[in-house]
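Shared between the two complexes below is chain A, which pairs with chain B and chain C, respectively.
The block that comes next holds the complex of A and B.
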């Protein structure tokens, strides 16, 4: 049973507030991913949880124990670093069991622990090598082994995959997920890669400028991004955005796209959104929700687009569309036959639209 | 063409004439710089009678080690006729501990200044670097006062202290610059593994420090061994260092100048530094160019 609670956490370096009041709760066996662009404070937050940086205000609790002022080594937390951070002069076995060496565990016991952990990571044959003799993927496994051997209450990962190439990144990502399923320890994982976040997390905290922009399950964050920032950051290719205005009253309210006066507005009656006439909004739609073609009788915004570019990725096709002065990206199944330069009708179904206040950039309603 | 050739090597490899020119120039320069050493060695091996009759520069007609023997254990320095030997020993007894101490302390300083950032660390670093630019002459009198206050005036321990302290700005700078290249995440990882300041230093930093430690040892040993000003100011008589004794030996003349003796004594005084360079010189170059150990 390990629950991590962070409340009102603040961290300042001089006059710079790197973290402004962060509140996060990770359940037992949870896998929290801190997701955000560089400079958003996610690594600082991880370091504060680790005890490598002191919190300026607020508290961190593991279960019911307040660890805000506890030394890093006494927190029972292990961390995997981006640059692996292996001890260059020590063998793999000694790297893995260094924490036990510090605690004065006898040599034979340490060796046994190293062997057990190495077996679970398939690096038994590397135990007597030096870090310099290992490949990047092997080094990261050793770094993970060093954390595993301690059976800590909480695992921290600081962008552990970003120094690996694509193939290894996928393998190691799966390895981390499998380990988490087996060991089941509460984990906090920092990344700027939304696909890592989506695949690993039970909870994601999207961070921006030292604050949590949205905290929820991967599905929630993908389906209901709380702001334009989150919507743009999660999902690849990113969500398309258009400017729109609310027209009409009550049940007759409609959404009119700015600059497309000749396009029929779409009725918002069914959506029950709390919007008022004249409200300037940002309209978002995910690339895979854009329908190319007539789209049968579904409700939505119907536009005429020119196909600018078609990119085949193998699993699907990315279509770059030009609509008026706007550019939209649509993701289509691979069997779609589309020719650049031709005009096609497209449909933005109303149930797939995301509306954000253009002023605050926050999501409108549910 | 291999990619690791530097531009001058590429030119040389392409044109044999250029390469030949290169060797001719290098050969001339080599002769030019080796000539004084050759004269010293040759003169030190000639008997004094031959030098007197044939001049100071010349090929030995008879080889003898008499001058070397005399310089080592018989020559008179002031009123003591024991050769350079006791003073050579003084210098060793001073240079070795001072070199090791200043290197160790420099490593600790460099480590603390880079891996355990504390308020004012940068200001302290600037002050330490300033120490590198301080001329010896400027600290001569305060150093003398300090030594006498500590009761270390005219003693070997006094010089060990002076050389250690004076070497610290340099060794600290060496290690600081080296440790800046060591990823701080290593220290953080060790910290999370439960290791403290000293354990991280001795078990993680020291084992990867040998390239820069070599630089520090060579630099310090050479500097301390060859140092004259502090030696002549703070030691007299039996506690003189070898450079001071050499100076006194050369200046102690009875009648005719004993060139062969002077040369042999100079070579003896220069020998330890030469040996150090011969054995660790290549580590010195490697250490100076050593970058990150990340790899």
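The block that comes next holds the complex of A and C.
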């Protein structure tokens, strides 16, 4: 049973506030992914959790024990680093069991532990090699083994896959997922790759400039992004954005796209959003929700678009559309037959629209 | 980090075959421009280093006295030299001096580097201060330390005048200890230089690796000993090889500091060779001494060369 709770956590380096009030809760056996752009403070947060950096304010608790001021080595937390951080002068076996060596565990016992862990990572045959004689994927397995051998309460991962090529990344990602299912230890995983986040996480904390922009399950974050930032960051290709204005009142309330006066506005009453007339909004729609063609008799914004570019990705087709002065990306099934240069009608279904306040960039509604 | 920063042989060309100018021709012709480019320095080294080394070897086997004499006398010069107490003292001093100087300088240099690496304020001026002695001429170092270590003028006199009557620090005037006095001055001269080498290496150590060691439960001393110092091993080898070379060449320090005294208690093979060649008209014996230094150098360097070759074979 390990629950990690972080509340009101702040971290400053001198005058620079790198983390500004972070609140996060990871349930037992949970897999939290910290997702965010470079420099938003993900590694700093991980280091503070590990005890490698001291928190400026706030508290970190494991179950009911406050560990904010506990030494790194006494927190029972293991970490896997982006650069693998293996000890170059030691064999793989010694790398894995260095923590036991420090604690004075006898050699035979260490060897046995190294063999057990190596077997679970399929690196038994590498135990007597040096890190320099390993490939990147093998090194990352050793680094994971070094964390596993300690059976810690919490695993931390700092972008462990970012130095691997695509194939290895997928393999190692699956390995980490399997390990987590088997070992079940509470984990915190840093990445700026949203597909990694989506596949591994039970919870995602999207971070922006030292704050948690949204904290929720992967499905929640994808379906109801809390802000324009989150909506843009999660999902590939990213969500399309258009400017709009709320017109009318009560039941007759409609959404009008700015710059498209000739397009019929769409009635909003069905969605019951708390918006007032004249409210400036940002309208978002995911690429896979744009309907190309006449569509059925669904409610939504109907526009006329020009096909600018068609990109086959193999599994589906990305269509770059020009609408007025705007560019939209639509994802279509691979059988779609679309010719660049032609005009097509498109539909933005009302139930797939995301509305954000243009001023605060926060989501409007639930 | 380059594991083989001191490998003498050039790194093999990445594609293993045709050189930079190669057009697939075979043999010497393919490398002709490269050979042409290095030939002046190659020729100079062949003549002035290996040529003269061979010539010295020949002289050491000849009857040369004041001027070269090409009559071969076998190993007589060596026999006479090894029969002289002066040479035995010099050779013994060289072994003591090299061992102590290299080990102590590496240790002190590492210690300074580790202290400087603790993110101290004013690191840059400190680094300059530590590096400064290396820029001073060995003659100046020798004279300064001569006064510092002289019981009548230096540390001993100072401590006694400060009230510590029984204080004794007279290594430099006693024949059993004079070589240690020279080690002290030589270490002072090079420790800062070595610490700069080590500091650069320490700065290159992966910070995440140090964090990993901390999470593995290792304290600062354990982390330095088991993780950081092994990681900067290449810097140790570089510094060690440089120091051995300095040690074998040491000459001016002894001349300035003790003039080989008391008696000839602080003589080194290099001062012995100088004496024989230029003061005593014993060119044959001087050459024998020089060749002995060469052999001594080979004995020190050989294990390293063998080990390096083994390692490259293993790849």
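One rule holds for everything that comes next: the second predicted complex is superposed on the first by the 366 of 366 C-alpha atoms of A that agree within 3 Å, B and C clash if a C-alpha of one lies under 4 Å from a C-alpha of the other, contacts with A are read in each partner's own complex, and residues count from 1 in each chain.
Just so we're on the same page, a contact is a pair of C-beta atoms (placed from the backbone, for glycine too) under 8 Å apart; a residue touches a chain by one contact, two chains touch by 3 or more.
From a predicted model like this one, the values you see are computed outputs, not experimental measurements.
Enquirer: Kindly say whether there is room for both chain B and chain C on chain A in the superposition, answering fit or clash.
Expert: In the superposition, chain B runs into chain C.
Enquirer: A:146 in the overlay: touching chain B, chain C, both, or neither? Say first, second, both or neither.
Expert: both
Enquirer: First (chain B), second (chain C), both or neither: which does A:72 touch?
Expert: In the superposed model, A:72 contacts both chain B and chain C.
Enquirer: Between chain B and chain C, whom does A:102 touch in the aligned arrangement: first, second, both, or neither?
Expert: both
Enquirer: Is A:344 touching the first partner chain B, the second partner chain C, both, or neither of them?
Expert: The answer is neither, since A:344 touches no partner chain.
Enquirer: Taking the superposition on A as described, I'd like to know which of chain B and chain C A:87 touches: first, second, both or neither.
Expert: both
Enquirer: For A:170, select first, second, both or neither according to whether it touches chain B, chain C, the two together, or no partner.
Expert: Neither partner.
Enquirer: Once the complexes are superposed, what residues of chain A are shared between the chain B interface and the chain C interface?
Expert: Of chain A, residues 50, 52, 72-73, 77-79, 81-83, 85-90, 98-99, 102-103, 132, 146, 150 contact chain B in one complex and chain C in the other.
Enquirer: Please output the residues of chain A touching chain B within their complex, sorted ascending.
Expert: 50-52, 72-73, 77-79, 81-90, 98-99, 102-103, 132, 143, 146, 150
Enquirer: Show me the residue ranges of chain B that touch chain A in the complex, using the header's touch definition.
Expert: 183, 185-186, 188-195, 199, 203-204, 207-208, 293-295
Enquirer: Which of the residues in chain C end up touching chain A in this complex?
Expert: 1, 3, 206, 208-209, 211-218, 222, 226-227, 230-231, 233
Enquirer: In their shared complex, at which residues does chain A touch chain C?
Expert: 47, 50, 52, 72-73, 77-79, 81-83, 85-90, 98-99, 102-103, 132, 146, 150
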